[in-house]
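Several structures are given next for inspection.
Each of the two complexes below includes chain A, the first together with chain B, the second together with chain C.
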Partner chain A sequence: MKFATIAVLLSLLLLPWLLPAYGVQVAIQALVLAGFAVSFNFLFQNVGLLSFGHAAFFGAGAYTAALLMSKRDWSYLAALPVALAATALVALVIGFLSVRLTKIYFTMLTLAFAQMLWAVVHRWYNFTGGDNGITNVRPAGLLGTAHGLYYLSLACVVLVILLLRVVSRSPAGYTLRAIRDNPVRLAAIGVSTFEHVLAAFVLSGTLSGLFGFLQLAWQRSAFPDLLYWTTSAQVIIAVILGGSGFAKWDYGPVAGAAVLVSAQAVVQSHTQYWPLALGLILLALVLFFPAGVAGLFSRAHRRREHEDELDHAAA
Partner chain B sequence: MPLLELASVSKSFDGFQALSSVSLSVEEGAFHALVGPNGAGKSTLFNLISGRYSANSGSVTFAGREITRLPTHRIIHQGIGVSFQRAIPFPSMTVLENVTLAVLAVGRRMRDPWRRLRAHRDAVRNAEEILAWVGLEPRRHQPAFELPQGELKRVDIAMALAGKPRLLLLDEPLAALSRAERAQLVELLPDLLRRLGVTLLFTEHDTEAVMRLADTITVLHRGRVLAHGAPDYIRSHAAVAEAFLGTGS
Partner chain C sequence: MTPSLFLLEFMTGLASASSLFLLAAGLSLIFGALGVVNFAHGSFYMLGAYLLFWLTRGDAAGFWHYLLVAAAASVVIGAAVERIILRPVLRRPEHFQILLTYALLLVIADVCRLAFGSDYKSISMPPGFTGPVFLLGSAFPAYYAGLVGLAGAAAALLWLFLHRTRFGLLVRAVTQDREMLETLGVNVPAVFTVVFALGIGLAGFGGAVSLPLQSMSTDVAVDAVISAFIVVVVGGLGSIWGALAGAFLIGEVQAFGALWLPEFSIVFVYLLMALVLLFRPWGLLGRAPAVRT
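After this line comes the complex of A and B, so read on.
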């Protein structure tokens, strides 16, 4: 498996030199969605909370940077720490008010908060530009090029995956899984679930803001649809498509994002009925491959391991 | 001074009076049983002490400190270990990870997001020692969901003991166990808890096990204390024997 990971990473490093310009743009979009999906799935897979409001954090990261760049002439990278801090603050406020709830109530409340934020951004013409958005916010230098942005996005995805893996294997990560498994038992060993879920929510939200920040560089503009519920739905679809419930829980969202963005690019080059195609893909997935794209690889990997064991036993 | 003292505790749910002015004292070192038929208020009382419910009136005092309104996680840090009736260990973790997590929780070391769980070697060693106490050391690397009910209950008790509690609360520890598993647990608990100096308060339906384990018994009936005393006294209490123990003397 380590060999496969190294091979995938090497391929990703070479990819921009092998793809046409449009392909690099699609690859950047796939990386941004992959990182967003991994960040979202950290909360979903580890704590078992389905947020339908992660667009708020994605949009907060993008809009904070866009505002600093357009109104204060900050450079793209200088805006990054402030964008992350602002996103963390938004996540802290929404999380503080949401994480006491679970199941559908949590999902609906996060959706409501994100829609409220979208409405503010959509209507506050003096500050956010309203539905006209903030345009022409292009990073200077290397990051203004497709190759530069591709490698920055790749580095962010890899670093976020490594960070979340470290957290997942630590006592804090185990505590999150314990909350998902049995919150009553966790309280009975002396742990307050609230602060741990809130910390996970803020971490997941802040990292989502990082990929919103990258999305800004990709589209060189910020529009209210970054905060709209369809953006939250897109990341959920990427996770469902890839499969979230594996020991290596970050493989699924990455695979899902890659498939989703690639399929969208291919289908849209032939027809305008992408939503119909997406519906058919999801239908086929739920009916025939409920474990998602990563589930297929995982099954093939397990089968190969099993065959190796049989060969070994026979020898 | 009793280790645990309940003074005139009452609790109702939507007009149903589950507990009416219940007073109870648990002495340090005692093995104290709460018995009674279904609906007597045993589990309600258990949940009041452990902080899952809050009392409508009355007070709960542990080691001289009032804990009436504290949430469960704070009560645990006062020196009380809890094993709920249906609160089984975390199924996605191994037996050792479950108990290591409990050891770290007591030391408030759960917030560490950087070091691996198993890199907390002192906590892992401590957890292995606790698992040895309950005879589950050989099972330490097994996922919890693979364990039979009796062993799961022992993991749960190991987790409750991880905090070195002064008082251990067990809600129907023998429920859903096979006859052999019950015998094992009844055999294990007294020696282990006396060695550790842990006071025990437990609810249980199995009267035979109660008589073997407990040195003090409180009988609840319709949310009130019906009788209280040593097993011999309870056994010879005519109304109790006839109504609850089925051993009419």
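After this line comes the complex of A and C, so read on.
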């Protein structure tokens, strides 16, 4: 496995030199969606909460940076800390109100908050430009080039995966999964379940904002669509496609995002009816290949994950 | 606020509440009985409107009888979708159903785009309701009253079906305890088909009757399904009265919100949804779960 990881990383490092310009753009998009999906899935897998409002964080990251760059002439990288802080604040407020609920109620409440934010951004013409969006935001220097953005995105995806892996293997990560499996018991033995879940929510949301920030550099503009519920749906589709619950929580979403984005690129070069094609692919997958894309490898993954858990339990 | 302006806004709210009810009642019914969150619900609403437009060729003269055809076609489409596409995933984990209904949303949107183009489609007021109605010095389209009447009639029929027929009893029973019903020898899959067909029929009918007031494009589906979610969440999942109350509240909040802060009226709607979820997660008229979840 270690060997395979190194091989994948090496080929990802070489990738932009092998791809045509259009291919690099597609690869950046895949990395951004992959990182977003991993951040989302951290909450879904470890805490068992299906958020339907992660578009709010993705959009908050993008819009904060876009506003600073267009209205205050900040540079792209200088806007990063503020974008992350703003996203964390949004996640803290939404999370504080949402994580008291579970299941479908949590899902619907996160959806409501994200849609509220979308509506404000969509209608507040004087501040956000409404549905005209904020255009012409372009990072200066190296990050304005496709290769620069590619390596920045790759670094972000790798760092986020490493960070989330550390967190989920820490005592806090085990506590989160224990809360997921038996919240009543954990509360009874004195674990502050609310604070743990809230912290996981804010972490997941803030990291989603990081990828929204990268999305901004990729599309060089911010539109309210970034916050619309279909963005939340897209990340969920990527995670489910990757076989969430079957594959490891970080590789699955990456595979799902890569497949989704590359399929889109291929289909769109032939027809404008990409949604139709995606719909038919999803229908076929659900009806005929229920284990998902990563499901092909799911058995091996599940066994390995089980061994991992045993190793850590023993250590 | 003058009484006439109040009345006008109230009627506007009532008219949009009517189409919201038709849209959301089916979603609620389907979730209650089948346990499926139907992301394609707004797409069937849109499909109903496109069907009516196609049947009438944009000419309001044939509105009334083609309305029945469009509703009947929606019922048939609903039954077919349940039998062919939905049934295989009903016993699988929830996320397969999400994926499936989301796939349907994408397919229906693009099929409509292929068939009808992406420009806005609308139709003039149907025969019998072309002029304005004057009430207390304010004028509003007569069709507002027509729409409210149709939605009211649909709600009454739905209530009669659910509470006064044997099959309606089965539908309510399957919402409560599916396994018990199977043990008693009831053909539960057939109940599912009927519920889904009925829900889709209501959505298609709702889309078709809304066409004179709301021009249709392929973007309507994603907005409509979210509106339906809001109505159902506010009113309470799986309850017809809840869908009625939710639709009324949302319609009026949007109408009067538009008067106060026109640009942000939609924000109030989401705010209402969030408040209900925070303080009464099971909805205004929903039943609280026995065990707190």
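Assume the second predicted complex is superposed on the first by the 291 of 315 C-alpha atoms of A that agree within 3 Å, B and C clash if a C-alpha of one lies under 4 Å from a C-alpha of the other, contacts with A are read in each partner's own complex, and residues count from 1 in each chain.
Criterion: contacts are C-beta pairs under 8 Å (C-beta built on N, C-alpha and C of every residue); 3 or more make two chains touch, one makes a residue touch a chain.
Source: prediction; values computed, not measured.
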Check the residue A:170 against both partner chains and state whether it touches chain B (first), chain C (second), both, or neither. first
Touched partner set for A:178, first chain B, second chain C, both or neither: first
Just to be sure I read the superposition right, which of the two partners does A:109 touch: chain B = first, chain C = second, or both, or neither? second
Thinking of the overlay built on chain A, is A:283 touched by chain B (first), by chain C (second), by both, or by neither? second
Of chain C and chain B, partner touching more chain A residues: C
For A:188, decide between first (touching chain B), second (touching chain C), both and neither. first
Tell me the contact category for A:18 with respect to chain B and chain C: first, second, both or neither. neither
On chain A, the residue positions that both chain B and chain C contact, one per complex: none
State the interface residues of chain B toward chain A in the complex, per the touch definition above. 50-52, 71-74, 76-77, 82-84, 87-93, 97, 101-102, 104-106, 108-117, 120, 156, 159-160, 162-163
Residues of chain A touching chain B in the complex: 166-167, 169-175, 177-178, 180-182, 184-192, 196, 199
Residue set of chain A touching chain C in the complex reads 97, 101-105, 108-109, 111-113, 115-116, 119-120, 123-125, 228-230, 233, 236-237, 240, 244-245, 273, 275-276, 278-283, 285-287, 290
Per the touch rule above, chain C residues touching chain A in the complex are 37, 39, 85, 88-89, 92-93, 95-96, 98-100, 102-107, 109-111, 113-114, 222, 226, 229-230, 233, 237, 263-264, 266-267, 270-271, 273-274, 277-278, 281-282, 293
